[in-house]
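Take a look at the structures listed below.
Presented sequentially are two complexes of chain A, the first with chain B as partner and the second with chain C.
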Partner chain A sequence: MIIFLAKRIVGLVAVLFAVSVITFIIFNVIPGGDPALRMAGRHPTKQAIANINKDWGFDQPLYKQYLAMMDHLFVKRDLISYQDQTEVLPTIARGIPRTLSLAIGAAALWLLFGIAMGVASGLNQGGWTDRVMTILAMTGISMPIFWLGAVLLYLITFKYRELPVLSWFPAGGYSPISDPVEWVRHLILPWITLSIVSIGFYARVVRNSLLETSSADYVRTATAMGLSRRRVLFRHTLRTSLIPVVALFGLDFGAAVGGLVILVEPIFGLQGVGQYAQSSVAHLDLPPLMALTLYGAFFVVVFNAVVDIAYAWLDPRTRDA
Partner chain B sequence: MRSKVMVFPALLGILVIGLLAGCGGSSSSSGGGGGDEGTPVDGGILRAAINDNPDHIDPALSYTSEGWQILEATNNGLLSLKKASGAEGNKVVPDIAEALPKISDDGKTYTFKVRRGVKFSPPVNRDVKPSDFKFSIERLFRVNSGGLAFYKGIVGADEYAKTRKGGISGIIADDKKGTITFKLTEADGTFPMFMAIPFAYALPKGTPDKDISSVPDARVATGPYMVTSYTPKQKLQLRRNPSFKEWTDQSPNGHLDGIDIAIGVDPDAAVNMTVNGDLDWYFTAVPPARLTQLKAQYGDQVNDYQRNNITYFFMNERKAPFDDLRVRQAVNYATDRDALVKIFGGQGEPTENIVPPPLKPAYKKHEYYPYDLAKAKQLIKQAGVEGTDVSVWTRNQEPFPKATQYMASVLNQIGLNATVRVLDQSIYDDTISNQKTDPQIGINDWSQDYPEAGNFIDTLLNGNNIVSIGNNNQANADVPALNAQIEKANRMPLGDARDRMWAELDSEYMKQNAPLVPFLNASYPKFNGPNLRGLVFNPTYFELFPSMWLEK
Partner chain C sequence: MSGQGRTSPPTGRGAKGPPGQWTLAWRRLRRNRTAMTALGIFFAILLLCYPGASLYSRHIAHHGPDFQNIQGKIEVNGKPTPIVRYDGTPIGPGLRSEYPLGADANGRDLLLRVLYGGRASIMIGITSALICTLFGLLLALPAGFFGGAADGTIRWLLDLIWSFPVYLLAVALATALVVGGADIGPIHIESSSLLIPILVIAVVYIPYIARPIRGEVLALRRTEFVEAAISHGTRSTRVMFSEILPNVLPTAVVLFTLIVATNILIEAGLSFLGVGVPLLTPSWGNIIQQGYTQMVTAPWLTLAPGIAIVLTAVSLNVFGDGLRDALDPHARHRARFSTDPRGAVAETEVEAT
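Take a look at the complex of A and B:
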């Protein structure tokens, strides 16, 4: 296990290094992305641009600029935005609880409903339940997140304003510890928006996995031995059927925390890490973009590792792989 | 001055447009709050929201309408634009200066007498002195302010920009006499405007040479409000400045006890919040897709303001086929400006002028290019450029691509071979302002830095201002006789004679040179809560916080 973890940590560092270099290079080859020109205002003078280049180190060779940025990010921890000169790391730190609130709640929804729908569908293969669940799952998968969020907000604001349970603002303004009821109430819409695609997708995966497992020899044997249907389902079929879900969940949760939230947070004004990323992209603001890209990559890599560990635990055959 | 980028909200707006279509009716006003204003009531906290952080809350660095709105309530300069709406709001009036400056006969020296008794807020708590203004202008150069170009005409400023040591010799502050004198390298009648915009606001000597937006003790105010807390990406709070005492009607005390600004609320969400009663006021305009419905359902809460801006296509006079006047005129004849205004959601008025209407008398309507497709085709034929390939550049922010698509169709109709090139909003301005890119034709808009016609004609068309990067004269218009006229107008003092000259230049450029296809003076529709009163829209500072009050 120690060797496994050591390998993973080395891999994580390598991935983060590669991501940081690629992000830095992309930013520097984009035409029109000169930060000095932006800072110099609408009537830039040559002297002003020269001063900015000198003061901010933009006149240094690229590798020195890269090293300086890494120094400010990881050592001095005082990286500041080009756009508004605010500190990047405290802003990300303030956003993380909001982003996790969104991602954890949505993940709970998509796991709960995705598995429930998949099981209901798989146990009633070919029946009306299966058909309805399949239609619902495909509908969920087909709905673009940003569209769904905008439509939900429209409906709540203009059509069904009398529904207090769906009041949504301020979505990020409550704590699950000090005010759990309000926290849940105000995050319902963002959770639904973020989870709906995954619910459909997970339902399909669980259904197919359940059907495949149901026809396995050991399940047929268990049934032939006279075990109850319920016991066969929970002790034998479902446990194996959920192995792909574990793998998917790890990756999806990492991707949600590290990236997908960018589509949901701005719609609901959550001001988490995703909204920060969206705003930084819009302003081509390299320092937060660099920090946020590394943050996203970190979550994806870490959850990949968690998936591998969980997989190894659930399926001993994979441990030596 | 820039407004903040809002690409994502625009997308959302487009997405819900189908849901909102079909709502009829309209109701709007052209300034001030809707309905009967009544007697102002003091007290209350304004619940406001903004899409993203204001760029800065440091007068030296802020260069957006959002930042200037906050700074108007917190800080002051020697001069101010009159705290009024419409054309009245374009006038320069004294603020911390006792009176308008004394100007020497040669127009090169401006002397101000500084009012006594104007105090900085805690923790400084002392009178504003002339040397604070000298310090603040010099600080622009030390913090790389985006506005320092406005002050490079001060004697010694160029040298100071290089060394940033020893002070600017052309600024002489005398704290004992209470005067400050600015010596200019040449006469510049625009200088009072430069002293009325936030870059020239007073900060106390000793303010750090870095962005003070997030440095509470350095965010020192002179106005009725002060920024008491700022958490980037989350919230910003203004409360009363305990050191403030009204000195003229141009420095009103304000009615509100404070302003709470939630950061990160996009324009669509702001509409929803206002409808739900969660929000009193939002910084930026209503998304176009929501406007029709809001006017129909909440007409009293919608205000349609006029800003000093133009939207236009520039035609690069250094690039074929637009190096031929006949082609530029042909494009002007072939453009149906009403159709373009419709593409912009009907939000504004069609125009052929370079100067916006609120800048009368510098605005004098002309109509040299009534829609005439046949004449346009004839001119293209005469120029012998039929079939020439043309790229029309645009940013990807709606509805600019649609307007550009329309322009491409116009160019194709008159015999050119046009395609559209779309760039991301974040890099568009920098790209088209670079002579290396050198686009043939493209769409752009310009909103004022200060309310004067020269900010449009001089900035966009003076050939002497053409530079290799950050070039605002994207048409590369360079007519020596007209350049000289611009320089002459710049030297004249502000006033009617100067304005008449701008009006003539507007006319001459479009008649003789046709470098642009101006087509829209965009309006600025705002939506506010039902209890908000006292809305005054100044073209430079936008809605003034100190005028606002909440009906109980």
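Take a look at the complex of A and C:
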């Protein structure tokens, strides 16, 4: 088990290193990506460009630039954006509670509704509950989430604003968790938006997994021994059929925090990490993008590793696969 | 069911004998009314976008998807109505032959743009899924077959692609390519080319194909018929492609269908972020991106392409689900509990033949 953990950690660091190198290379081979040209303003003199190149170290060989950037990012922690010359790390630090609020709330929603829908579907296989749940799940999987967010926002905060319940929802923005009611009020639409695809997906996975498990021999034995239906379901069937959810959850949560928020935050003006990424992309601003890609990759890789470890613990057969 | 595919030699073309796994799967699929309806809807969308768009453009609208008519007027209820009002609000949807879905801020016909946009979106979805599946198979086969160092390297590579946050990787690649185009050897890709979103999306989803298939190859590698082929001295490439590949193809086909749907959604997301399909070509994603700013005054610009995306994705997802049931080794157990009681009977009949 310790060797297994050590292997995972070495792999994790190697992946993060490769991600940083690849990001750096991608942004340095962009023909229009020369940061000096972009920073010098319109009609720059050659001298101005040379000065910027010298000041920012763009005239150094690439590997030195890379090392300097890593030094600023991890050791000195004072990485500065090319676009508006603001510090990158404080901006990310300001965004993280917003992004985590969004992702954790959405994750709670999709686990709760995904599993509930999947179980309801699987227990009534072929019945109308199953059909309705299947239709809902399939539609959920097929939603472009940013579009769903935009449509929800339009319908609830503009079109049907007069309806008493709906006027409770704000048109966007973020409110810190110190006031929980406001926090939920501002985040509930983004939560629904971010979780809808996963709800559909988990409902399908749980349903199929439940069906597969419920025909297993040990479940039949438990039923034959005279255990109540409820006891068989909760003690035997459900436990096993939720194992795939563990794997999926790790991956999806990592992907949500690390990437999907880029599509949801700008719609609702949450000003989190995703919105920062979106605006940095628009300006081809390497330093924040480097930090954000590593931040995203870190979440994905860590949750990947957590999944592998949890799996090895739940199912010893996978330990050396 | 898959046991048949695994133990019997590949069914020769035209050879008489028991029906192959694909024939059986097709028979099962044909009985699945939901899946067939979904397939029908997808074909209807294809028909609307391919011949439909040209026919509508030539015979009813008399202009193309890029034709702008900011100052023009059309008759609505006998009154001439401007296509785009002075405040920039375009005409909305209505029951008429001209601009039935309304227009956008440039006075372009929205129905026409959604139909032509479907061409780009569906084309990108299918092509990138094809490329993705091909590379996924090419990585998964040697990884599962040879194991050891080859497996380690390929798995690490997949981990690497996987751990790039999907949208950030796609955005990084697409931004890089959109600005300057790309040079791959002698081939130059223009920055306005559709190949850029296609390649970006294809790369991002390779692990989704390669990982599950690698697992299957790993299991197949230990089966007797593969051991037998190897002990006969068959070359590794031949074993991989003519013994193992046919057995993992069902999974690949199912994943392909589902990935087409995902890729259409990703195209929309990338276009929404401004790094997908260049604005010169209409696609469902960039129609939303352009119309989104007018959400309050002209919601149809966002709603129409979005609904088209959802319909297409739902039809593909439902069909893919049915396809999986038809091809899946566990299909028998599912068919027995199938919603269609006739399915169970027919299943046993097929079994008996």
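Worth a mention:
Throughout what follows, the second predicted complex is superposed on the first by the 300 of 321 C-alpha atoms of A that agree within 3 Å, B and C clash if a C-alpha of one lies under 4 Å from a C-alpha of the other, contacts with A are read in each partner's own complex, and residues count from 1 in each chain.
Just so it is clear, a contact is a pair of C-beta atoms (placed from the backbone, for glycine too) under 8 Å apart; a residue touches a chain by one contact, two chains touch by 3 or more.
None of these values were measured; they are calculated from a predicted model.
In the overlay built on the shared chain, the residue A:Y154 is in contact with chain B and with chain C. Contact with both chain B and chain C is seen for A:Q278 once the two complexes are overlaid on the shared chain.
When the two structures are aligned on the shared chain, A:L67 is found in touch with neither chain B nor chain C. In the superposition on chain A, A:V301 contacts chain C only, with no contact to chain B. Once the two complexes are laid over each other on the shared chain, residue contacts for A:V21 go to neither chain B nor chain C.
Of the two partner chains, chain C is the only one that A:M138 touches; chain B does not reach it.
When both complexes are overlaid on chain A, the residue A:G258 reaches chain C alone and has no touch with chain B. Once the two complexes are overlaid on the shared chain, A:I96 sits clear of chain B and of chain C alike.
In the superposed model, A:L5 lies in contact with neither chain B nor chain C. In the superposition on chain A, the residues of chain A touched by chain B in one structure and by chain C in the other are 30-33, 146-147, 150-151, 153-154, 158, 278, 281-282, 284. Per the touch definition, chain A reaches chain B in the complex via residues 30-34, 37-49, 51-52, 55, 83-87, 91, 94-95, 146-147, 150-151, 153-154, 156-158, 161, 167, 169-170, 266-271, 275-276, 278-279, 281-284. Considering their complex, residues 11, 14-16, 18-19, 22-23, 26-27, 29-33, 125-126, 130-131, 138-139, 141-147, 150-151, 153-154, 158-159, 204, 211-212, 215, 255, 258-260, 262-263, 277-278, 281-282, 284, 289, 292-293, 296-297, 299-301, 304, 321 of chain A touch chain C.
Interface residues of chain C, counted against chain A in their complex, comprise 156, 159-160, 162-169, 171-173, 175-176, 179-180, 218, 261, 265, 268-269, 272-275, 285, 288, 292, 295-296, 299, 302-303, 306, 309-310, 312-314, 316-318, 321, 330, 333-334, 337-339.
Residues 1-2, 5, 7-9, 11-12, 15-16, 19-20, 49, 52-56, 61, 63, 141, 144-150, 152, 158, 161-162, 164, 210-211, 213-214, 231-234, 262-266, 268-269, 271-273, 275-276, 278, 293, 423, 425-431, 434, 437, 449, 459, 467, 469-470, 472 of chain B are the ones that touch chain A when the two sit in their complex.
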